[in-house]
Amino acid sequence: MQEEKKKKLAMVIFSGDMDKLFAAFSIAAGAAASNMDVTMFFTFWGLRGIKANVKTGKSLFGRMLGVMYGGDINRANPSKMSFGGIGRWMFKKMMKAKNVPSLPELRQTAIDLGVKLYGCQMSMEVMEIPREKMIDDVAECVGVAFFIEQAQKADATLFI
Amino acid sequence: MQEEKKKKLAMVIFSGDMDKLFAAFSIAAGAAASNMDVTMFFTFWGLRGIKANVKTGKSLFGRMLGVMYGGDINRANPSKMSFGGIGRWMFKKMMKAKNVPSLPELRQTAIDLGVKLYGCQMSMEVMEIPREKMIDDVAECVGVAFFIEQAQKADATLFI
Amino acid sequence: MQEEKKKKLAMVIFSGDMDKLFAAFSIAAGAAASNMDVTMFFTFWGLRGIKANVKTGKSLFGRMLGVMYGGDINRANPSKMSFGGIGRWMFKKMMKAKNVPSLPELRQTAIDLGVKLYGCQMSMEVMEIPREKMIDDVAECVGVAFFIEQAQKADATLFI
């Protein structure tokens, strides 16, 4: 009964950029802290947000992608001023200097507050990133129909 | 009566990137398949999503833009790893290998399921892409007020 | 009483790109003109949308960021075809040729129509852009919880 009355936020996380993931997890954690029910649907580049730090890819292209866009959430670069990793390092420094939580810490907070993480099955197949290459906190790997269902029930929807 | 009860999704398609258009049409088709009423409002770079494969532009800048950002949905590059067209080719290969529909096929599915496509009049004028340079399936070319009207009635809104 | 019945739009403005800011302020102004209550929450690069044309940054990194991503809304480059400022100049020309309002004019229209602008406190701290470096029209600098509150009450939400 109480569950039904909870306000709901449904998010698509398409981007794997450091700054956008930061915005996404901030909003998710903030919404969960405000007693909202939060669903994050990770697709395409966004899969980095829930990937473990392991190699991926089976086919030639899959392995190439795994090398070029590999690593976990810590490897995410900002969408601007990436400078081959310098931007990432710089933003981490700046955030630490202001006592802002790091991206993995922020994700953990979101998870602890009950935010549910879902992987997009189709992009996982195309990018050759199977379930076992992801962090354990991922609830399930689902199709786009799952997101649609969430969005229909949601009070707010965001594509990031 | 039944029409009024249909859940509604209103989308702004700002991006003309291959991967974002793919996400957009996946969500649109998925929503329409779930019996939602779906409106896609294409603006700026997103116009590529509904453009025909023809030359555009009248003024010097318009023609320059037509050359630099020309072509139809098949010419869309991924937002990352574009590599002057190699990324596009690679993703097409990867998608085909997994039996994922191509971007034009996915758009057709969305159209067949009843998704309505609208062009943003103002960006069409600025970018010098008139109605007759677009695919026939475009329902109408409208102003931002049209999107606002849709968004007000919508159960979910996304900016892609 | 009437106030409560107003439809509501809550936007996160993450991008500081010329074209995305243009889309954001167009939608905001259009919604306000349609009698909607509109909240824009500017975060990260989006802060450019409400910054004054002054130097920012105190620490080494903050000052570097202030130089590399400095200036006000007039300095915003398009998300594509930036070409070190040429794209910006070209789009301004093209928009003027079609009698489309400039980005600062469009923002002013939005403000005049009652759109409320908010700065994201956390990104202001990280990027070292204090309140006094922003335009006077900014209503307040707030945390993400403020946006969540707005989103819960909103009829439409967008992340741009």
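Here the chain labels run A, B and C in written order, and each chain numbers its own residues starting at 1.
Definition applied: a residue touches a chain if its C-beta (ideal position, glycine included) is under 8 Å from a C-beta of that chain, and two chains touch if they have at least 3 such contacts.
It should be emphasised that the depicted structure is a prediction, and the values quoted were computed from it without experimental measurement.
Q: Quick one: superpose subunit B on subunit C by CA and send over the rotation angle as a multiple of 5°.
A: Angle of the fitting rotation, subunit B to subunit C: 120 degrees.
Q: Over half of the interface residue numbers used by both subunit A and subunit B, so same, or under half, so different?
A: Since fewer than half of the residue numbers are used by both chains, the interface counts as different.
Q: Can you check how far apart subunit A and subunit B are, centre to centre, with Cα atoms defining each centre and the answer in Å?
A: Subunit A and subunit B have C-alpha centres separated by 24 Å.
Q: For subunit A, write out the residues touching at least two other chains, lowest number first.
A: Residues 157-159 of subunit A touch two or more partner chains.
Q: What residues of subunit C sit close enough to touch subunit A in their complex?
A: 10, 12, 14, 43-45, 59, 61-62, 64-65, 68-69, 122, 125-127, 143-145, 147-149, 151-152, 154, 157-159
Q: Would you pull the subunit C residues touching subunit B in the complex into a rising list?
A: On the subunit C side, the touching residues are 7, 9, 19-20, 22-23, 26-27, 30-31, 33-34, 36, 79-81, 90-91, 93-95, 97-98, 100, 155-160.
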